[in-house]
Every structure is written in C-alpha cells, then in structure tokens.
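Paired with chain B in one complex and with chain C in the other, chain A is shared by the two complexes that follow.
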Partner chain A sequence: MSLRRSFTNRPIASLQPTGAMMLTAYVVLCFASIVSLTPFLYILSTSIKETNSLFTYPPDWIPASIYWGNFQKLFGETNFARWTLNTLFIGIAITLLKLIIDAMAAFALAKLEFFGKNLISVALLLAVAVPVAALVVPLFFIIRSMGLLNSYWALILPALTNPLGILMLRSFIVSLPADLDHSARLDGASEWQVFSQMTLPLIRPGLVVHAIFTFMLQYTSFLWPLVAIQSDKKQVLTVGISSLKSNFVVDWGLISAASLLATIPITLLFLALQKYFLSQNMSGAIKG
Partner chain B sequence: MLSTTEHRKLRLKARIRQNLTAYAFLAPALIFFVLFLAWPVVALLIQSFQTGGIMSPAKYVGLENWRQTFTDPLVVKSIRNTVVYSLMAIPAVFIIAMILALSLNTVRFGQNTFKTIIYYPTLQPILLAALMFTFVLHQDFGILNIILRAITGEPVNFLGNRNLALPTIAMVEVWKGAGFWTLLFLAGIQSLPRDLYHAAELDGAGPGRRFFQLTLPLLKPTFFFSFIFATIVNLQIFDSVFVLTDGGPVNATVTTTWYIYRSLFTFNEPGYGATLSFVLVILVLALTAVQTILFRERR
Partner chain C sequence: MTNHAIHFEQVSKSYGSFDVVENFELSVQPGEFLVLLGPSGCGKSTILKMVSGIEAPSSGEIHVNGKMVNYTLPRNRDVAMVFQNYALYPHKSVFENIAYPLLTRRASRPSKAETEQRVREAADIVEITSQLDKYPDALSGGQRQRVALARAIVRDPAVFLMDEPLSNLDAQLRDTMRQQLIALHRRLGKATIYVTHDQLEAMTMASRIVVMNEGKVQQSGTPEEVFQRPANLFVAGFIGHPRMNFLTAHSAGGNSVQVGKVTLRTQADAGPAGRPLTIGLRPTDGQYDRAEGNAISGRIIQSEFTGADAIQTLDFGGPSLLRIRKQGHRKDEIGTDATVTFHPKDIHLFDENGARI
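Up next is the complex of A and B:
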C-alpha cells in the first residue's frame, strides 16, 4: 500500500514549493508581464498623441485628449488598408493550398509504400535545416524568369515549399491506428477515399496546428516580400510598415498607430484559437 | 491457379499502381519542393561562379566571387556579427525562458493569465517587435531611456553605439522569443515523471539539486530540438537589423542576410550574395549536424 502510494503521480505535500519560492515566482512573472506588455501600451499611448508632443520630458503617459490624426493619416495617405488586406489574402491562400498539398504528401509518406520513400524522407528532413534567407538570390531570379516578380504569385508559390508542415502532419498520421484504413481498403475504398474521408477528419487537431503555423509564418515574413514586391499597392503589412520609417523626417506617431493596428489581426486569431497556441502542440508536433 | 509468371506479372502491376498512387499524392509537394527549394540550392552554387545577372546577362567568372568573399572584410565581419549575435541571443533567451518556465510551474493561481501575457510578444512579426523597440530605445522618447534619464540623468544611444548596437538587436529577439521558449520548456518540465522527483526528495535532494541533476538532464530532448531550431532561425537574422540600424553604426550590425540582401539591391552583385548564401547554408547544415552528434553522444 505504502509502496503503491509512492508511485502515484499525486504531488506529496513536501514537494510543494515553499512560500518564499512561490513569492519569488510571482515577482518574476509580474516583472516579465510588465516587460512583455509595456511596449504595446506605450505605442497605444503614442499613437493617440501628436508626434512633436513625444519629445516633451517628462512625457504625459495618458494624453488629456485623444488625437486621431495619426490614424487619419494612416488610412488617408498610406496604403495601410491595402497592405493589411494583401497580407490576409496571401496568408489565407497559402494556408489553404499548403494544407492540402502537405496533407496529401504526408499521407503518402505515412501510409503508402513506394520506391524512393526513404530518399524523399531524408531530403525533407535535410531541407528543414536549409536557411530560407539564403535562398532569396536564386529565388529572385527564378521568379523573375517566370515573369512573376511584383505579383501575388511571387509571394504564394515559394511559400508552399516549407517541408516542416509535411513532417508534422506525417507524425500525426503515423500515430493513427493502421487497422482502420486496412479495413476500409478491404471494403473497397480507394486511397483517395481513405485519405479524404478517414485520415483528414482524424487529424483535425494537426491540421489546425499546421494552419496556424503556416499563417503565422506568412504573416511574419519580411525579407522575401521586400525582395519580390516593388509596388506599394501589392505590398504586405510588415514591409509596408517598415517603409513608413524610410521618410527623411520619421513620423513616429504614424508608425506607432500602424504598429498598433498591425497587432490586431494576429491577436484576434490568437484569442480565437488560444488553446492551440498555448498547448504547445505546435512545437511538440514539429519535434515529433 | 495462377502460374508463377502470371503471379509475378500481377504483383508487378500492383506495385506499379501503388507507386503511381503514392506519387500522385506526392506530386504537388514534390514539384514545389524541387522548384523552390532543391533547385535554388543548386542555383546558389552556379551563381557563385557568376557575375552580373540583374541588368546584364550573367557571366562566368570562375572562383572570383569565392576569392572576394573570403577577403572582403565586410563579409568576414557579417559572418562574425551573425555568430556573435546568436551566441548572445540564444543563451540569453534560453536562460530567461527557463526561469520563467520554472516560475510558471511553481505558481498555483493565474498560471494561464501569465502564460498568455508572456506569450503575447511571440505572436508579433520580428519586424514589428523591432519597430516597437524604437519606442523603447529612442534617445528622446524611448521608454527605457525615460527610465534611465530618471535614474542616471543620461540617455543611452543604444543603436548609435558601436558596442551596444548588436546586443540591443539581440535584446529584441529575447523580448520577442522568450514566450515561445518558456511555453516549450514548461511543457517539457510538466511532462517529466513525478516519481523521480519524489525519490530524489526522499534521498534528500533540495530544489537546486533536483533542478540541475534531474530536470536539466531529463529535458535533453527538448533542448536538442530547441538549440537546432534556434540556431537555424537566429543565423538568418535580418528584419530587426534592417529596420533598426541597417547595418550601422560603422558596420557594427552587418549580418550575413543583410549582406545577401544588399548584394542584390545595392551592390548589384548577386554573385557575392549567392556565394555568401552558400556559405550560410553549409554553416547551418554543419552546425545542425554537429549538434545532432553531440546530443547523441552524451545521451
């Protein structure tokens, strides 16, 4: 009995943290929270102030009256709305396309036998370690020779490549019981039916994680759009906002307003799918 | 009954069909993989032996780019800065994330709220994080400088100082990245078997010893993944450099990817960029291989 109890996973009283440890932990976490959130609160404060009032010292943290000029200028004089729509459109297009492409490839690698399977698996694994930033020079010439520079396709096509998604979905599919699809095949189901009607519904959590991961990767990308897109109207949010800084006299109020609004789409996505973000499915799946 | 040859024929047919099916599933992914990943790596090597290509057709120049790459002080500096940056950013973010993960593991109330807040900066693009950091670092209205002025009376020019610029760029990565690694380490800690801790506790091991002799060694698989992933990502550092310092002051923050970008659009010498890119690919692959071997041996 006593032996059995010592092997249970229930915490025993003496392993509980002491009061001092608990206090330290809270102090550390409160400090970290302040450091995490302060920049966001500060750009909120600067976005509703006139830029030249930023240079007064000591600063007034909460302005007496709200100044909307930065936001008016953002929507009136820059392509901010276009950048946002472009980013969302390209992000969603890539996510949907990549979800299908990667799920199909992952299914073949996990469930089918074919010539060259090991070679392809090793190639995908190696490719994960290829730094994509190192590929911008050849990609620039490839996309240019296809006549796609400065088009949405220039952003969409190369983004469909990242092999991490295939490996992640494969680990989800491998963990499914094999009996299920064996019996489906015996009942005369084609591989496509096994894939679309059995495998896909069973790996839904994996698909959600894959979709979040793909969308985030696209939403945060900067170098490739900077290289591939010249027209301001076709530009994505990250590059668009950074271009606000290149004026001779930097309009900090405008930049803070843009930065603040740029956090909104991803924050909404986070709030909607918080469980998936915080469960660390994402990195856990990549690891596996 | 089927004869042996007929049997063999049928089996061959079945196998061919199986292969066709599998490759039909793989085709879209393989096409994109070859076109936009495998071929560009090969193209890097080809372009490293060429000059021009943007305005004029590319010309073969032999080993000229390679000679240039290893003698150009700016290239050497860019590699050095990239490595130094990674050596600052990765340990710093890992240590801070470990402290935060242990703290989250200790507290009983508000764990989810703290998790959400600490994770929040991780959601933002690194470019946005860097841009927001100008509001932390700016000499006149940066919040850190407002605090420093209140304490010491002197603002610090973080990005204009040759010795401070690169650590400051690393600071952005730490601020943005800490939440991601915290949650990863926390998940690792929480998946460890409690029995071992009870046993260690009964043997009289205090919290410090339990951490160094149990938690850290047991988290080796997590660290393995983390080091490789962090190395691959951090050696490509570009966005924050581009928006905060653009390589300055006096080339103190010139990084490999910054140089590759400039080779294309400012220097008009994609051959240099391709050469340096190839070096970067080899560097990352080699480091990944070394890390894999090291972690395997110590297991």
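Up next is the complex of A and C:
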C-alpha cells in the first residue's frame, strides 16, 4: 500500500511541452522560414516585373500589374524548354541506372563473400573523399579520349561512378536481419530472389532517399556540364540559366523567371516521394 | 545408413582456432524428435545451421535422407527451419509468408488453387487461418511463431529444424505451444532436430535428448535415461530442477561411501576404500519421515517456498550444504533439526574425472 502511495504522489516528469517552449519554437521556426523564403519570394516578384522597374526604391514586392514578358521571352528566344528536357532526361537516366547498379553492388558487399571484398569497400570509401572539382580535369581528358564530349553520355557515365550510394545502401542492407535471407534460402530462394524479393522491398526507404539524393545532385550540378557540353541544345538548366547573363546587361527578370520554373520539377518530386521517407515498419520480422 | 533421416559423421566446425563443434557423431531416425540440449555457446545452434546449409562444416560429412549434403545448396536440402526470432518476411502477408516456399522454384510451382489449398491446410494445422490477410507486425508473438511453423509445414520437408522456437514467448504461451508442438510432431511424423537450452522443453518433448557442452556430446539417451543415469557431472548438474547436490566424498569400500561423518550405502560399487568421489543427490529424491534408507540428519537453515512445495537447505555438518525438496511448507521449521533419507539407488557416484560409476 505504501508503495502504491509513493508512486501516485511522485511528480511525473512531463514530456508535454509547456507554453513557453512552444512559443520559443514558433519564434525560431518563423525566423528560419523568413530567412529561407525571402530569396524565393524575391525571385517570384522579380520574374513578374519588367527588368527596368527592378531598382525602384522602396522595392515594389507586389507589382501593380503582372508582366508576363519574361516568360514569353524565356520560351520564345532561349532554349529553356530544351534545357529542362535535357536535365530531366539525364537526371532520370542517371537515377534509374544508379539505383540498379548501386543496389546490386551494395547487396554483394553486404551479403556475399568474395575475394577482394574488403579492398573494394576501402577503395569506395576513399573515392568518396575525392572532391568533384579535383576530378574535372582528368575526367575531361578521359571523356574527350572516349570521344564522348558534348554528348549525353558525357554527363551520364561519370555520375554513375559516385560510390556514396553503394555505401549508403550497403549500410541499409547490413542492418536487415540475417535470418531473413537464411530463411528465404531455405525456402528455396535463389540468390537473385533473395536480392529482389527480400532485400529490395525491405530497403525501399533507402532506395527512395538515394533516388532523391542522386536526382538532386544531378539537377544542381554545374561545373561538369559547363566543361563537358558545348552545344546549347544539349545543355542542362544550371549552365543554361547562367548563360542568360550577357556581358553588359543582366536581364534579371528573365533569369528569375527561369530560376522560378526550374524549382518546379524538383519540388514536385519531393512532394511525391516524401511519404516514403517514413521508414518502413520492420517490427513484424524479428522479435526484438 | 540410408535409413537415417539425418546422419553426422565426424562433423567439426571451428572459427579460426576456436572449435565450436568437435567430432560430432549422431544419427537421427525418421520420425524421431531429437532435442539438442545445452547451455548457450555449446555448439547446438551451429549444428542446426550446418544441417540447413547456412554454415558449412570444417570437416566431416552430413547426410540427409541418405544423401551427403555438404555441398548442396540450402534450397535443395529438403529441410525446413523454424528460427528463434521467427524470421517472417515483414513485407508479405501471412498468406504470402506461408506460400513463399511453394513459389520460389519455378519448375515445381503449384497452381494457384493448389497453393491456396496447401497454405490453408498448413494454416489450419497451426490454427491461424483467420490471420491470413494480416501482416506480421499485426500479430502477437505466439501467432508469429505459428506462421513460422506453418511456413515450415507447407513444404512437407523431410526434416524439421527448430532453433529455440519457444524462447521468445512468455511462460504461459510456451506451455501451450510445447504441447501443440508435440501434437504436431505426432501428426506429421517427421524427423525433427529441436535445439533448446531449456531442460523442461527437452524432457517433455524429446524422444531422445543429446546433451552437449563445449562442442562435445556429453550424453545421448531418452529423457528417462539422462535424468536417472546421468553420464557425468555436467549432465547431472544440467538436468533436473532444483539442481542436483554434489558432495565430495570418498569410498568406504564396496557399496558404501563416506561423506563427512556420514556413511551411505550405494547401489553402485564405489571401488577400493579411500578412492575420492563426488556423490550426487537429487533434491527431489530425499524423503523426510522415513525410517529406513540412508539417513542424513542436520539443521534446516533456509526454506524457499515455491508453491506446492519448498526447497529446504540442510546443514548436516558435511563438506557442503544439502538442498532438499519438501512437500508442504512451514516457516517455523527453520532452525529445527530434520532427517532425510535417500534410497541407495538414488545416490549417483562420479569418479575423479566426473564420469558416472
């Protein structure tokens, strides 16, 4: 009885946030939102104004009348639509190829025993440490000697060699309970079935993260396309948009319109895939 | 050799210089329920993994149904295994989990209707037909265990391997599942190797127990044999609850031994007088209030109430204390004197090396 009393009288440390904590959180979040949204809103505002009305003071955030000329010029006088298609095509191609290659490589490194396995793992880890900028010059000579400069392959092939995805997926696969594959093998599964029917479905959150990461990286890459692609028709968005700057006059309205449109695909991708970020519930497999 | 379900020939397994299993020899008959019993780390699970093909033996041969399987892939060994942690496929429904072994081999894949029928049969045997549409994470521990069993049953394998399948269940459920596993085995009649460290599971379920320690077989026999005639000190101490009392003693010549100041008559010949021995007395073999037999008198210094009976600790002035089970329980007995008698056949003798005499 005395035990029960001491339990009920004990003040319970509450996990419920207090009013002050909530207020602080909201203030911090509001500040962060303003900091990250302001440039975006400024681009939005600039894209629907005539460039020569840009430098009025105080800045005119919401123009009296919406000016569509920047968008018309973008699609009429530049290769913007082509750059967008190029970027999406290359981004999707790289993402799909990388998912296939990296998942298989990660499975081999995580689950199979073969000669030189540790050496390969270490080599991959070292390769991660090499900065992209250091690779541009040797990569240029390699791609040129392959005769692939100024082609889509010049953008696709080097991106496939990024080892980060293999290492990330490997850690996902390693964390799967080994008894699942043992059980599958005893149930008659071939090594390919273990990979495709057990491993792949269970690392889906990892695959989604990897896909988004790869696509984003490709979507925003600038330095290598600038070096590898000379034809304006094969160019990607990042380099294309920066080429809108001519030598003497910068058409900020045009650039803003292009930048604004360029954010749309990546935003849609995020919205579509965000539910997969929630990790899959593994609790049914193994009793912990 | 062909009529053994499983046959081990000089099987050893070592990791580096550490021997997990040494020269393991065993034959399992068709329909036999063989329990490998031993403390954790004794190599019993490793033996199971070698039969299933998850691990390869370092030397020796393993035969399943008369065929040497050392180099056979797990999928072609005709063995089904129930894992300690169930190893259910979390992204598949219960139905898909049970059906999985039927669908992996394209050549022998049954029709949809037959798959459905066989899954339902297996689910029916373990009574989870109502759960077929659920996913593993929606099931309780006991239900998951049943799904794992059904997945093993559905293939109709030659041999069942079970690796501590009940150890993750609570005590009450373990009781029920134990009885159901016995019934299941009786119904299917398949050779089964069941690994456990729980002597109660081993005693109640096994048609034969193999007691293992440190990678070696200590004793192989029916539950009665290993309980009544333990081959050595390890088996004697491992099997039986409460644990057997071990007292250092020496032979008093012929059929009698000297423990402290007490002389006991034994059934076995204790050898020449003065020979050092260890005697084992099961707490459950001691009888209070009986005139004849080997009497040991002492003072009750502790009494642990366990429900139907009590475990009393007796100080009889010997080399160590003696624990005796007594039916009924009275706290006020502590500090009083008592006399316990043992039948000569209940006095187990072990020589200096720990082997039974």
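What we mean here is this: the second predicted complex is superposed on the first by the 244 of 288 C-alpha atoms of A that agree within 3 Å, B and C clash if a C-alpha of one lies under 4 Å from a C-alpha of the other, contacts with A are read in each partner's own complex, and residues count from 1 in each chain.
As a convention for this text, a residue touches a chain if its C-beta (ideal position, glycine included) is under 8 Å from a C-beta of that chain, and two chains touch if they have at least 3 such contacts.
All values reported here derive from a predicted model rather than from experimental measurement.
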| item | value |
| --- | --- |
| Residue contacts on chain A - larger count, chain B or chain C | B |
| Contacts of A:19 with chain B and chain C, given as first, second, both or neither | neither |
| Touching partner for A:245 - first (chain B), second (chain C), both, neither | first |
| Touched partner set for A:76, first chain B, second chain C, both or neither | neither |
| Those residues of chain A which chain B touches in one complex and chain C touches in the other | 280, 283-284, 286-287 |
| Complex contacts: residues of chain B adjacent to chain A | 18-19, 21-23, 25-26, 28-30, 32-33, 35-41, 43-44, 47, 53, 99-100, 102-104, 106-108, 110, 112, 114-121, 123-128, 131-136, 138, 140-141, 143, 146, 149-150, 175, 178-180, 183-184, 186-187, 193-195, 197-198, 201-202, 207, 221-222, 225, 228-229, 232, 235-236, 238-239, 242-243, 257, 260-261, 263-265, 270, 273-274, 277-278, 280-281, 284-285, 288 |
| Touch list for chain C against partner chain A, complex | 52-54, 73-75, 77, 79-81, 83, 85-91, 100-101, 104-105, 135-139, 141, 144, 151, 155, 168 |
| Contact footprint of chain C on chain A as seen in their complex | 177, 179-180, 182-190, 193, 198, 201-202, 280-287 |
| Contact set on chain A toward chain B in their complex | 6-7, 9, 11-12, 14-15, 17, 21-22, 24-26, 28-29, 32-33, 35-40, 42-43, 46, 54-55, 57-59, 100-102, 104-105, 107-109, 112-115, 117, 120, 123-124, 126-142, 157-158, 160-161, 163, 166, 191, 195, 216, 219-223, 226-227, 238, 241-242, 245, 252, 255-256, 259, 262-263, 266-267, 270, 274, 277-280, 283-284, 286-287 |
